[in-house]
Amino acid sequence: MIDVAILGATGAVGQRFVQLLEHHPWFRVAEVAASERSVGRAYAEACHWLLPTPMPSSVAQLTVQPLDADFHSPVILSALPSEVAQSLEPALAQRGHLVSSNASAHRMADDVPILLPELNADHVQLVEVQRRKRGFSGTLVTMSNCTTVPVAVALAPLLTFGVQQVQVVSLQAISGSGYPGVPSFDIFDNILPYINGEEEKVEREPRKILGKLSGDQIMPLEATFSASCNRVPVLDGHTVVVSVKFANPPSLETIRQAWQSFQPHAWARHLPSLPDSILLYNDGLDRPQPRLDRDNGRGMATTIGRLRACNVLDVKFVALSHNTVRGAAGGAILNAELLVAQGYGQHLGLPSVQHLHA
Amino acid sequence: MIDVAILGATGAVGQRFVQLLEHHPWFRVAEVAASERSVGRAYAEACHWLLPTPMPSSVAQLTVQPLDADFHSPVILSALPSEVAQSLEPALAQRGHLVSSNASAHRMADDVPILLPELNADHVQLVEVQRRKRGFSGTLVTMSNCTTVPVAVALAPLLTFGVQQVQVVSLQAISGSGYPGVPSFDIFDNILPYINGEEEKVEREPRKILGKLSGDQIMPLEATFSASCNRVPVLDGHTVVVSVKFANPPSLETIRQAWQSFQPHAWARHLPSLPDSILLYNDGLDRPQPRLDRDNGRGMATTIGRLRACNVLDVKFVALSHNTVRGAAGGAILNAELLVAQGYGQHLGLPSVQHLHA
Amino acid sequence: MIDVAILGATGAVGQRFVQLLEHHPWFRVAEVAASERSVGRAYAEACHWLLPTPMPSSVAQLTVQPLDADFHSPVILSALPSEVAQSLEPALAQRGHLVSSNASAHRMADDVPILLPELNADHVQLVEVQRRKRGFSGTLVTMSNCTTVPVAVALAPLLTFGVQQVQVVSLQAISGSGYPGVPSFDIFDNILPYINGEEEKVEREPRKILGKLSGDQIMPLEATFSASCNRVPVLDGHTVVVSVKFANPPSLETIRQAWQSFQPHAWARHLPSLPDSILLYNDGLDRPQPRLDRDNGRGMATTIGRLRACNVLDVKFVALSHNTVRGAAGGAILNAELLVAQGYGQHLGLPSVQHLHA
Amino acid sequence: MIDVAILGATGAVGQRFVQLLEHHPWFRVAEVAASERSVGRAYAEACHWLLPTPMPSSVAQLTVQPLDADFHSPVILSALPSEVAQSLEPALAQRGHLVSSNASAHRMADDVPILLPELNADHVQLVEVQRRKRGFSGTLVTMSNCTTVPVAVALAPLLTFGVQQVQVVSLQAISGSGYPGVPSFDIFDNILPYINGEEEKVEREPRKILGKLSGDQIMPLEATFSASCNRVPVLDGHTVVVSVKFANPPSLETIRQAWQSFQPHAWARHLPSLPDSILLYNDGLDRPQPRLDRDNGRGMATTIGRLRACNVLDVKFVALSHNTVRGAAGGAILNAELLVAQGYGQHLGLPSVQHLHA
């Protein structure tokens, strides 16, 4: 088992890390770290546990360490706020750790990939650029914004048709605002048609994720994105309503086939957190729905539905992913799995995928 | 006072009619009619009253009549299901009544206007075509779909810039599904990304409403609409996220000014149900919000916010109207007021607007 | 595997039966039956599936049979409405089936037990009385009302202290109203302080469940119950706030120990649907909570918390059970397991518990 | 008009003060004060306005003052946190102000009344004791806890029957937790069966409110209260489920009559914030309901329903009040009205009730 340290372990995403790693075949939560007021306390006491499954007892006992502790774990999962991640994550990569971050701080750096391994596992090779340029012995990779996930997953199989313009309207769950997050008085019987910084991320990140690695850099997808982000009274699961214009508009049937036959990137196929199907098309009239579809593929699958013609662009559809599983903690775990499987932890004595599956 | 009959009086929209007419300066609820199982009972007993204000006692006493009764009221407000409205409403217009309907059955008929008087009060002149062609002594006018309202109100002041393409994603309240409407088990912690027949209406009706009356017909607005309609867990108030492409794209500031200086149609200005402002621009970062803005202008105003550039079309914004007030019962009352004010009830001895304000 | 027929299979509880039996070690869904409009259709088409886990494909294929079909399955699980259950369930027992019902129709019949096997598995012996008196070759046993469950489970370990008076105020989930059940417009931002027939059941059923089998009858617990039942906007999980007066009031610590050391009835211990712990005491200040605790023990455990002195009676506490799992489908499955394990299906060639565990 | 200063003006209750005073016949908001971070800013900017009616423009302009400012307003309405109120409120009373507080800090002081004027307006005479003992030239009176209101209002008309024991289970709205208050993630699809400090208040305050002023002190009602307090996903309106034991149990009909014939205390009758009916009995099967009944009497009436026999105590019923109107801001305004009307502001040149109504 490979030891893992979780940074920001008491927060909403931190707890998801703890929950998802409970029975992980490769990783074991060995260290938890959080902000000042939690340091020195047992995790069970420092953490206001928010999840319906019990806190894993092995983690409950751990003493919360400060964020600047000298972690021994080779793998670091970061659920840090962006302003803290800004300096801390590169320092940890410098010290040799494999840092898989959920923070937005470094996503757009030229030599830092935003990994959704089923789509762009090859972008992990930026690690080599990063090591070369920054002198990291470890590495730093990032997970995308949660709302970006269903957009990127739905579009990846359609790139061959020349995606040109994409309109996204999101209906985002309250868990996406962290904890305590949005006050109940604000969202109850209400919609908040604004989420600070979100639209910029949704307009920017899919272009990088769906771009092509070329030499030392990623050439972003040449497509224009427009996003309108809304918070709705739903617990978990981000829904996106998407319209797309193509250079070579395919038929609806062709698109459905592209989705149904889509294969995850070869390097991602045997990663333990990858679900059997990363993308499900549900042809129910009124699907996907967050309460019914967010847990598909143990929260790691994107569900799509309602594909139809769009009068303004070419086609429109609805897609949905679990925002704190596929869109946050589960995604960052998957990225850490990819780092290990591709052998980027060999300097730490970690096996690569051949050995993991031997 | 002018007597009014309410058809479908025990349903969700019917109750709103009763509520909104309680202190109306011109109209008095004289007759209520509903389906078979309510007929012959006192309204207070037949009706499962859903509103937080008390049922007006004068209406509580009325005996529910059958839908095919011989109504004496000159004005008829219809909250009938479309299939019932189909034959019943024209028959009532034939018999001389001023029928103001909230049903969708006749909205797209060539000689039936969809009236939002603040925008298109002149379309009421189709009544003359209708009388000529169908031989009605009364008339039949319709109120639009509830989701169409914020779209049409927001676009009307912008027509001068050449509206060409409009993308609409709606987040619609549960009260829009009537009563009993959507089961709690379906919408709780959930979104339903489909509302039967709604998208077609939102793509079609604004073109007619915003069209020009020319001779005997309305020339629809030459613009393309694409709609994606969603039910969300909000009690009242439909939110629409709108992107627009113009022939002559104005600046954001010009659009804001167009909204803020927009004047309702002259014929609508003195109608009692018209609010002081039919359109409010709220420059709060996160507005409009259904719980905070749906009751603006006693539920008759549309609130707009978040105007900004759109990467795909030209601009995007969020608009909101109360779906059962401006978007249904209040709208149909306003239409009935227009009919009376324009003198279309003179054959019944009703005054026109000069006399109403004398 | 033992074939099972589910009656009322398309409803909310019927679907839970299908879901919970998917990987059952003894039972296999062989037949599904529902009301007229579903008959003859594939289950997948007849059923508006409401659950977040996929419909089991083996059941999806089954053709829905009429409720009066000639079922071949030895075990019948009934989620019938009470008025249908009234005549149909005894007829099936007469024909030899082991009928485990969730309906209320026969719960209070003298020779029909209300089984919560962890508490009163010995009441299953009423089957013999039933067979003797009614000439059944099969049998009919019932599951209690869903709100009764947390009350009965919490009180069972305390009977030794002489339970005399019990005040129950329930906060019940919307799934308890079935499907379509309570309209969203009624329960949204609201509480319904009345549930038809519920208070009578909660005041009556615990006395029978916690009573003693004596000869041919059950001597009900000599205690007085008062219930006030409320519907609240929660999806699943019934919470009860309980105050109790004892003949010999124990200390709070003694009560906690009684709960923590409580052992399920010996006959229930090896039934596959019994959870590891049927009763959990959570000493968190603000527990139990429906969203966090309803799935404890795969939805089969009752969670108790907030034990403290009551100024009016002796002690008060809060208890919670999953209403459609432990409180309905899961409970009826457990009862069917008990029937089989105790050998009441031997006339049908079913094994008893010795053979099941051999 | 009498100038009023609002302390804690930017919070949830402070905003209600501002809203409710907009058209008040006696009072005018002249000063607003709040904690450090708001001081010096315009109220419109310092305050995240939470209410659906627009912020009154006269208040929007006011500059927020520090809590220890030298207020000129004779009347002070306090929505301070208890720990701040502890020292600040007596100091203001010392300086001559009429302080009407919603804080809990001084409620149980011997010489400070908890006023619900419709029930115990005579308790205002404690002001004289307070002035004598503490040397205040002004005075300090308090409003009760919000959950106490429906309990006290429902019991007041029944004191003649000898109220002995009272069981209260509350279902409290989220607005009662202030702002930001309870995180949405905690209360969504959930119940919180614990509210810090609430049960003690509900067990203690009704005894004082319903007690008798005798000489220099209030003799509390000789009755035992037991409370269980729960937070539920409802926006506004606290529901209480109450069981009562009497020395001389009246019939249900007698109780209903006592409620329906109850007259507010003579000194309260002409206060502007007193509604026409302070107590409404709704004989609907399923009433009161928070969404339908919280605004009765402009949020100042208590609605009662479901009176029936209790198997354990004598009778049980459900009562409901608006927690931030009658249960907080509206109540404290009513108390300030009583102070003025009874002439306790004459040292400040304020009129008494004779002059107010002259």
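Going in written order, the chains are labelled A, B, C and D, and every chain counts its residues from 1.
Operating definition for what follows: contacts are C-beta pairs under 8 Å (C-beta built on N, C-alpha and C of every residue); 3 or more make two chains touch, one makes a residue touch a chain.
Note that the coordinates shown come from a computational prediction; the quantities given were computed from them, not determined experimentally.
Peer 1: Which of the two pairs, A-C or B-C, is linked by more C-beta contacts?
Peer 2: Of the two interfaces, A-C and B-C, more C-beta pairs touch across B-C.
Peer 1: Considering only mean CA positions as chain centres, point out the chain farthest from chain C.
Peer 2: It is B.
Peer 1: Between chain C and chain D, what is the separation of their C-alpha centroids in Å?
Peer 2: The computed centroid separation for chain C versus chain D comes out at 43 Å.
Peer 1: Let me have the rounded angstrom distance from the C-alpha centre of chain B over to the C-alpha centre of chain C, please.
Peer 2: Roughly 48 Å, centre to centre.
Peer 1: Distance between chain A and chain C based on Cα centroids, please, to the nearest Å.
Peer 2: The answer is 41 Å.
Peer 1: Going by the contact rule already set, what residues in chain A reach two or more other chains?
Peer 2: Counting only residues that touch two or more other chains, chain A contributes 50, 188-189, 233, 235, 291-292.
Peer 1: Write out the stretch or stretches of chain C touching chain B in their complex.
Peer 2: Listed in rising order, the residues are 12, 50, 174-175, 177, 179-189, 233, 235.
Peer 1: Across the complex, what residues on chain A touch chain C?
Peer 2: Residue list for chain A touching chain C: 50-53, 188-189, 291-295.
Peer 1: Any idea which chain B residues touch chain A in the complex?
Peer 2: Result: residues 165-167, 169, 171, 188-194, 203, 224-226, 228, 230, 232-235, 239, 241, 243, 245, 285-292, 305-306, 310-313, 316, 318 of chain B touch chain A.
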